[in-house]
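Both complexes below contain subunit A, partnered by subunit B and then by subunit C.
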Partner chain A sequence: MKRFIDFYLTSMKIAILEQLQYRAQNYFYLVGVIAEPTIYLVVWSTIANQQGGSVGGYTAGGLAAYYIVWTLVRQMNIVFTPYGWEDRIQHGKLSMELMRPMHPIHSDVSYFAGWKIVMILFWFPIAAIMALIFKPSLNPTWVQVVVFFIAIWGAYLVRTMIFAVLGLITLWTTRVSAIFELVFALEMILSGRFVPMTLMPVWVQHIAFYLPFQWTFFFPINALVGHPTPLQLFSGLGMQLLWILIGVVAVRIVWHFGVRRFSSVGN
Partner chain B sequence: MPAPVINVANLSKHYKVPVREAGLKAATKSLFNRKYNTVKAVDSISFTIEPGEVVGFLGPNGAGKTTTLKMLSGLLFPTAGTLDVLGFQPSRRQADFLCQITLVMGNRSQMSWDLPALDSFELQRAIYGLPRPEFIRTRDEFIELLEVKELVKKPVRNLSLGERMKMEIIVALLHRPKVLFLDEPTIGLDVTMQRRIRQFVEEYNRRTGATVLLTSHYMADVEALCRRVIVIHNGKLLFDGDLSALVDRFSAFKTISVTLANGFGSFRQYGEVLNQDANHVTLRIPREKTPDVTARILAEQQVDDLTVEDPPIEDVIEKVFANKSAEA
Partner chain C sequence: MKIIRLIWSYLRIGIANEMQYRVNFFIQLLQSFIALGTGLIGLWLVFSHTTELGGWSQPELLAVMGIYMLMGGIIQSAIQPNMQRLMNEIQDGSLDFALTKPVDGQILVSIREFRFWQLTDVLVGLIVLVVAIVQLQEQIGIGQALAFVAALILGGIMIYSFWLMLTTTAFWLIRIWELVNLFQGLYAAGRWPVTIYPQWLRLGLTFLVPVAFAVTVPAEALTNRLTPLSLLGALGLALLLMVLARFVWRLGVRSYSGASA
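For the complex of A and B:
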């Protein structure tokens, strides 16, 4: 256990050092990420104003809070992508990872965790500017703040596991990008990324409840900006834990059967 | 006698590869009726390697060398046969096994491109859970041996290919593995850098008693490091024994170089003249006639200097593969 903690801290440190090498690039990247929620925010704020000040229970200030927090949750949700796994497997880059006495997913989780620390630091000034422009309405309780802090890391782990399983499909079939795109489209609709889940039809919300996506986007955002009951907050964390466990088991199973198919091409 | 470190019996690796003719028609047809070929990358090879041995693994491109190394290091699952490295079954990739081996591939990197090598060394320490004092001792020892004290502070992307390879070797050996699989470790390097890497591997083997299995297309690497060689071709084992025995077996000729005190006469009566200038001549002599011919030259000519040499190892290896290709 001590070895793993040491590895995670060292790997996070390496990620921070690497990202600091590319400060300007990271900042421009972050500014680019802001474009997507800003469009959603402007559209929904306009609709809210046209409907007498609110839409689906969200005021303009509530929507501003939703999409500003969205930008942070989005950063937390960035994980090693299925495309990354595809590249690793197709081009034999997985070989060097396989030589290490630990599962490659530990490198991914620790590296991206370190990356996030840099991105969160960069995010603060951008969030402050957005707050000045869009004037969010945000009054969370301390319980909500604590749950949000846990939930953004839970979301990160849920998404890491889902995408690792997806990426590992490359061990069976060479081109899997089409499958990734399908999953990304589902995620866009069923996660709360495109629109808060409470604005979706009830039957969509029911389906989304049983899928992992909303626990990576809507749940952490709503935990901070909405008005969830303590039961909803803790059951949300429970759902995240459940999906993490399902993801870990799925990764182990897929890995067990898939890695023996790895052909380590290109050396 | 200690047990072998590597024990390979009837090891095979076969790949099922889709094949089709060129063109749209063939591509459409392959959608419904896909054909496959079975490629025997490694075909039932057997050998053992004792602790501390440095063995050269030779063969032309596509012979199955790298595939074998990958099976030995646990990257690939064998199709058939048994495999034992340090008492482990490599394909199970147990942490205890992986902590005792290393695989260096000349065209694969373990380093962080944007950071100084020292940071990658630190990550390696954490990966293998090395105690810090031991890590620092090993790291500094390797830095001194390879004379890279200043280079380790530069971002890896700013290093030359040879300098990067030195870093790759250090990072791969920081955990002091007992078995080294080196796949073309000197590929693309200039002769000076090749020599430095060779000397380092030799010194590591001498200091730690590690077992080394090396593939290289540079025969200088093999001659400098390996007494024993294993030769494979088309996945099959052709030869396993001393490098000198390989030369004896596959080279029918020796080269005699003679420097004369006072000019020279005709040397055609001794054998094939390969080269001759003012007072120097090089002859190619059938191996079994070499003692007789040497004695005759010494008796009949005013010799200043005479050397008898085996042909260059490259020529021997080339001949081995050429013979086998012709047989195939």
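For the complex of A and C:
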């Protein structure tokens, strides 16, 4: 256990130091990231104003809060991409990871956790500017705040597991980009990334409930900006836990069978 | 003349390269359709809550989406791959090989890559555009069509110049992998007509990042919104950006210190 903690702390520290080296790059990156929710925010607040002030229960201020919190949740959601797994597997870089005395996913989880700490630091001024411009209405209770802070880390782990399983498909076939893109598209629609789930038709919300995606986007955001009941808050955390467990088991199974298929001379 | 021959050779090499991997055509096509599906669902969601968005009707927004995909396909096949290669070469010092060739450096770095299969986005974009025009039930006159094509070409030139200037910052900043992300994030604003954005953002999307000219202006040409004056403005801005990109490029090359083998 101590070995793991040491590894995680060191790996996070390396990620933090690496990220701090290239500050211009971080801001380029963040501007790219806030462009997306700003577009959605403009589209949906235009509609809200056309409809006499609100759409699906969201006022312009509520939408502003949703999409500003979105930017933080999106930062938390960044994980090692399936394309990264594709690169590792197709170019033989996985050989190096296999030499380590622990599963390669540990280095991803810890590295990206460190990266996030830097990103959150860089995120604060941008969120402040967005708040000044779009005037969000946000007044959560302290329970909501606590659940939000747990939920963003839960979201991170859920998404790490989904995308690790997805990336590991590369062990079986080399033409994975179409599969990846399909999953990204599903996620876009069913996670609350494009629009709060409550604006979706009811049947879509039902489908989304049984998929992992909305627990990584809509649930954490709504936990802070919406008016969820305590039951919804805690069952949401429960769903995250469930998906993390399912994800861990899935990664183990896929890894167990897949890694034997990996053959590479490495580099 | 020499330059046209050069462009043609690189184009042929690019196509020949892609022809080796024919299955990729179907994979790209599938991805174009996935992108189309996501876009259509987005439109459908918007119009399940409203009947018009900032004065644009559903078929008009469909036309905007078609142009967005079409222009996106051109960017992804002809502009972005060149810029990504340039970025990498500046970073690892192998740009020397391009700069020492007896052709103009800027032209050479802009034509070396061509992703033929990415043109599936252009194809799908065109189909969407045709469907939208049929739904609009309006006669498109010859003048309108010409204005549309002109606006599209000018938009392409502006996007290229903008991308080149962004990439050129690598000469000073070295590690700019995130630029692709940045550009795509900003370009995504073009999915909707820029007229719906608040003033300050609309100005940014028009003059800082020419997304407005790449997508919205051609769409305005098709939907009878374009005045001759704004087309003239597009021409002026395209020329200005080209000159500016040239200037920044030369400045950048001067501060390039190769480290090649």
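Assorted remarks:
Definition applied: the second predicted complex is superposed on the first by the 264 of 267 C-alpha atoms of A that agree within 3 Å, B and C clash if a C-alpha of one lies under 4 Å from a C-alpha of the other, contacts with A are read in each partner's own complex, and residues count from 1 in each chain.
FYI, contacts are C-beta pairs under 8 Å (C-beta built on N, C-alpha and C of every residue); 3 or more make two chains touch, one makes a residue touch a chain.
Here the structure is a predicted model, which means the values were calculated and not measured.
Once the two complexes are overlaid through subunit A, subunit B and subunit C fit side by side, free of any clash as defined at the top of the document.
When the two structures are aligned on the shared chain, A:3 is found in touch with subunit B, with no touch to subunit C. By the touch criterion defined above, A:235 lies against neither subunit B nor subunit C after alignment on the C-alpha atoms of chain A. By the document's definition of touching, of the two partners only subunit B reaches A:260; subunit C does not.
Of the two partner chains, neither subunit B nor subunit C is touched by A:141.
By the touch criterion stated above, A:25 is placed in contact with subunit C alone, subunit B being left untouched.
By the touch criterion defined above, A:33 lies against subunit C but remains apart from subunit B after alignment on the C-alpha atoms of chain A. Contacts of A:50 after superposition on the shared chain: subunit C is touched, whereas subunit B is not. Touch counts on subunit A: comparing subunit C and subunit B, the chain ahead is C.
Nowhere in the superposition do the C-alpha atoms of subunit B and subunit C come closer than 8 Å. Counting contacts as defined above, subunit A residues 22 meet subunit B in one complex and subunit C in the other. On the side of subunit A, the complex with subunit C involves touching residues 22, 24-26, 28-29, 31-36, 38-39, 42-43, 46-47, 50-51, 55-56, 175, 177-178, 181-182, 185, 188-189, 194-195, 199-201.
Across the interface of their complex, subunit A is touched by residues 23, 27, 30-31, 34-35, 37-38, 41-42, 45-46, 48-50, 52-54, 173, 175-179, 181-186, 188-189, 191-192, 196-198, 201 of subunit C. Note for the complex: subunit B touches subunit A at residues 15, 66, 70, 73-77, 91, 93, 95-96, 98-99, 101-103, 105, 107-110, 112, 114-115, 119-120, 122-123, 125-129, 183.
Within the complex formed with subunit B, the subunit A residues making contact are 3, 6-7, 9-11, 14, 17-18, 21-22, 92-93, 95-96, 98-102, 259-260, 262-264, 267.
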